[in-house]
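In what comes next, subunit A is part of two complexes: it sits with subunit B in the first one and with subunit C in the second one.
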Partner chain A sequence: MIRTATSPAVLGFTAALLFFIFSPFLLQDNAVYYRVMTMTFFYGALALAWNLYALTGNISLGHAAFFGLGAYGSALLSHYWHLSPWATVLFGGMVGAVYGLLWTVAFGCLRGARFALATLASVEIPRVIIDNWESFTFGSLGVVGITGFSAVRVGSVSIALGESLKAQYYLLLCCTLVILLIHRQFIKSKWGWAVRALREEETAASMLGVNVHFTRSVTLLLSAFLTGLCGGVYAHLMGLIEPPLVFSLHISALPLVLTMFGGRYLVCGPLLGALILYPLDQVLFHSLLPVGHSILYGLIIIVTLLFFPHGIGSWVQRRRTFS
Partner chain B sequence: MVILQLIINAFSLGSFYALVALGFALIFGVTHAFNLAHGELILLGGYLAYTLAGQMQVPFLGTLPVTALAMVIIAILLQKLLRRVGQPYELNTLVVTFGLALVLQNTMLMLFSADYRIIQSAAPAIELPYTQLLLTRTQVILIGTSLLATTALYILLRKTFLGKALRATIQDREAAKLAGINVRRMSLVGFAIGGALIGLAGPLYARTTYLYPSGGTEASLIAIIITIFAGVGRIRGILLGGWALGIAESTTVYALGTGWRELVSALVLISLLLLKPQGILSRKPKAARLPG
Partner chain C sequence: MGAKTPNILLKLAGISVEFQERVALRHIDLNVEQQEIVAVIGPNGAGKTTLFNVICGQVKPSSGTIHFDGRDITRWSSHRICHQGIARTFQIARPFPQMSTRQNILMGLWFGAGKPYGSPAAQARAEELLELVDLSPKVDLPAKELTLSEQRRLEIARALATNPRFLLLDEVAAGLSPHAIKEMAELIKTLRQQGLTLLLTDHFLTLTSKVSDRLVALDQGEIIMEGKPDQVLQSADVISAYLGERNQERS
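So, the complex of A and B:
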């Protein structure tokens, strides 16, 4: 049972990582590449954060609530108190986690389809409140002119995160790697086994000493915090947010699609989905169908669930376990 | 007088909601498929009616049979698709139809653009005698169609042999199978009738509110709320649920303003899921059920 480092998944991951680290040196200043890959990493991070909770077997259709609250919390704090984006992004994550706490209190006993519906409806609550509270949140006009990330000094070199696309590319790559590491620890650790037991059979898991409510709540809080963090990063990268943009169905749906497609029980599954689908959408579908290019994601969900419900990553996985 | 006018408007809005929910309730009851693309199908019917009325000058009532027929065909295709979905059935159909909703939204975006559309009605409002209350033609058609569809479905389920078989399938699939009912055919019938009801709701949607590609989610939520409120397979409860929701929304709009309307349905849905997931109007089961 000694797993050597030569398994195809590990090899593939190392190769991909090396490629993403060194590709900017080969491509020089290809703006399209940076923009597309930055957003790919971004959605990969979002999908990984989403999947933390989906691993417990409850599928959320409402992570846009955490995302939007994180974005608004971060943007408003930066707008009114002029704090550094690094601090406000953390605050955004905490706002997301607070809403996650409300979910654990309110939806703690809901499972399956009922949970999914309740989460779908709970996106509306912060959206409508923010839309109507014009004196504080600027309502449907949105928050504009959010300050970008300030420059980071490493020794004598100053990296302008606000302007340089290349710097943003590396920032998002790092964020995604951190969330990937959390996701990996989550799956491989004892906690991961508890979560898996909950997914398969909750009564049996609690018999074996898994604290059902505590495990679910902490997992949801972590997932909400990371999603809120992503929302904060988004606000400062884009410089503009408005309720229909950050509380959209698209934000809730995309992590689901990417994770299902990549493989929801695998460490790199959600990221794999993002790396394949988002560039495909942006480069190919966006030029073919400028208005309705998101049709790709809908088709992918249907095809994935009908024909390979464990995602394309499971093909690699299965071959390894057989050999 | 304002209050009476408000009640009339709430009543017609509620009838519309009941009509939106009927198709969903039937399909969910018979097959346990959670059709999140329900609202998008209604919008599709609405756009079809809009095109027919706008480009071919079909009179409004003439569009109803056409959209109903088109939606029956689409619903049967949907049943073929959902039959292949594995366990857990409710959650997986929810996710698949969520994908379908995205596909339909984007298709409508491509075909009809994101502009707001509505089927205009030229006829003036009717003033009720002895009062100053106004009733528009659209409201008359709405209340009429809604009552007619509910009554027809009620008679179908309660008075015919097919209805008996459908109700047996709604109550207990396994027992229905044991009694010799072809459950698969019943689910086909459920989807077909549900499709016809969706087709009826579509043109009325286009006449009542503005059509835009991403508006379907709200219609789906309304259908789900009313179905959960009424409890599975209870047709009269749907009408009551529709009216209750219509009154709740109209009162909120009157008291707080239009911006808060969307909050009502979300809050009602969440509280229903938490408090009475089996439905407010459902009776307690007479015999103890076996677990599992």
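So, the complex of A and C:
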């Protein structure tokens, strides 16, 4: 059994969750809080989705490809077919997964730095195509006026997800919780052990009956799908996407920084990284250093790697044992 | 097929392996019978580990076929070969370093033997295997903190966890004390009594001469001699290829 009942991690998680559920009632209409926290949850979800594949030991520097394709897939489907964003974001996720499938075919045998470089380069292919296929994707002008999420009716209450910042805050909180749950099940399951075995010693894992290729491929597809889904959600929340925005290095690198900072091998690690770093960056550093605030992320990754390579989450982690 | 002969468990026919320009194995024919202990001997670079890698699907042969229990497994991937009942240890131990000793063994039970995840049966079997290789006091230690000899024993237990019929032990005696070698020989004999077939490699002959039924001498990727241990060790070819090297090392 894994000891979780009274661990500080569980208590901390519950306290944080209650805070995020009830804080809007205290803060009323504090637009800055909603905007910052909505994006915090969004980057937390992105980091969790990214980490699923990173747990296999292969670090991707190209998840912006899944994100951008998800955003464009969802936005264009909504633009041309006028489907509800609730349906098109799923399509966005699938577009991401299809590109993930291409990755498994093309770089399935690459590991370590060669894999990372290949993924970094692979972002350019969809970006250049979308940038130049003006008749279909509107090229560098981007897609504007993307339909927002339609209102959701709960009983007699209508929640305007398209306009209300508070509603968007809760939407992203829910999305993040769902991805967190997937991340948790993934780590704690037999599948998670197979992934851990691949990360620690791939040859031995294969000789113990772990299907290396299948495990890696399915994990990548899941990670790509969820990242594509995040891309779709982003497109409909922002209402505007353009290639440099959704295929940016920032989208690929930020999940890595947040996850490394929070703790790669912890269930809540990537989310913890987002909850600490993103508000800190937006509220504090953005006002102090409006231009160079992203230096913060560079510094943090260096400090993290030097002083706490397992992330700050490992401070609160109890030793997990099997009985 | 026609490869199945009642007592032959593993049958290699005409196996060759080439790495770019270099020939690592040349036309190897080898049969291993049920419950036999066969040792592959030879100097460094003779192709012993490559032979193991070919049997386990980690290196694909450029020609030839491998039959296991009558089934052609020549181009199968390692996990399928494991599920057929072949397990191995590595020349340089490859434990999962961050996992505990017990977790290392559970990996073999869950993925190799298909024991249900989290089942008490798997836990109980893990305890038995830890007992067998004398690692019970170290169950919760991360594998990276074990000594070399303990890591080798852990690898054997982990391989046994996959419930194999055929076990390949690569340089299992290397770096062990004379006492530990004696214990290893006992363990190997016990495993055979339990129905296992074993293929070993042993560079220094310390273990193989004690336990094997048959020796196969490899040199430069070819089998130069095969037979009873005494017979092989007295062959002039083997002495010049192999023992000659050992005498040089001694002097």
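One rule holds in what follows: the second predicted complex is superposed on the first by the 314 of 323 C-alpha atoms of A that agree within 3 Å, B and C clash if a C-alpha of one lies under 4 Å from a C-alpha of the other, contacts with A are read in each partner's own complex, and residues count from 1 in each chain.
We take it that contacts are C-beta pairs under 8 Å (C-beta built on N, C-alpha and C of every residue); 3 or more make two chains touch, one makes a residue touch a chain.
Please read these numbers as outputs of a predicted model, since none were measured by experiment.
Visitor: According to the stated criteria, A:W193 is in contact with first (subunit B), second (subunit C), both, or neither; which is it?
Guide: After superposing on A, A:W193 lies in contact with subunit C but is clear of subunit B.
Visitor: For A:L83, using the defined touch cut-off, is the partner it touches subunit B, subunit C, both, or neither? Pick first, second, both or neither.
Guide: Neither partner.
Visitor: Should A:I300 be classified as contacting the first partner (subunit B), the second (subunit C), both, or neither?
Guide: Touch status of A:I300: first partner only.
Visitor: For A:L165, is the partner it touches subunit B (first), subunit C (second), both, or none of the two (neither)?
Guide: After superposing on A, A:L165 lies clear of both subunit B and subunit C.
Visitor: Given the touch rule stated above, what does A:L117 touch, subunit B (first), subunit C (second), both, or neither?
Guide: first
Visitor: Determine, under the contact definition given at the top, whether A:A253 touches first (subunit B), second (subunit C), both, or neither.
Guide: In the superposed model, A:A253 contacts subunit B only, not subunit C.
Visitor: On the A-aligned overlay, A:E201 touches which partner chain: subunit B = first, subunit C = second, or both, or neither?
Guide: second
Visitor: Contacts for A:M238 in the overlay, against subunit B (first) and subunit C (second): which applies, first, second, both or neither?
Guide: In the superposition, A:M238 contacts neither subunit B nor subunit C.
Visitor: Look at A:G292 in the shared chain and tell me whether it touches subunit B only, subunit C only, both, or neither; answer first, second, both or neither.
Guide: Once the two structures are laid over each other on A, A:G292 reaches subunit B alone.
Visitor: Under the touch definition given earlier, write down the residues of subunit A that touch subunit B in their complex.
Guide: Touching subunit B: residues 59, 61, 106-107, 110, 112-114, 116-118, 120-125, 127-129, 131-132, 249, 253, 256-257, 260, 289, 291-295, 297-302, 305-306, 309 of subunit A.
Visitor: Considering the complex alone, what residue numbers of subunit A touch subunit C?
Guide: 189-190, 193-194, 196-197, 200-201, 203-213, 321-322
Visitor: Going by the contact rule at the top, pick out the subunit B residues touching subunit A in the complex.
Guide: Residue positions touching the partner: 34, 81, 84-86, 88, 90-92, 94-96, 98-107, 109-110, 113-114, 214, 217, 221, 224, 257, 259-260, 262-263, 265-267, 269-270, 273-274, 277.
Visitor: Considering only the defined contacts, which subunit C positions touch subunit A in the complex?
Guide: Interface residues on the subunit C side: 56-58, 77-79, 82-83, 87-88, 90, 94-100, 102-103, 106-108, 110-114, 117, 123, 140, 158-159, 161-162.
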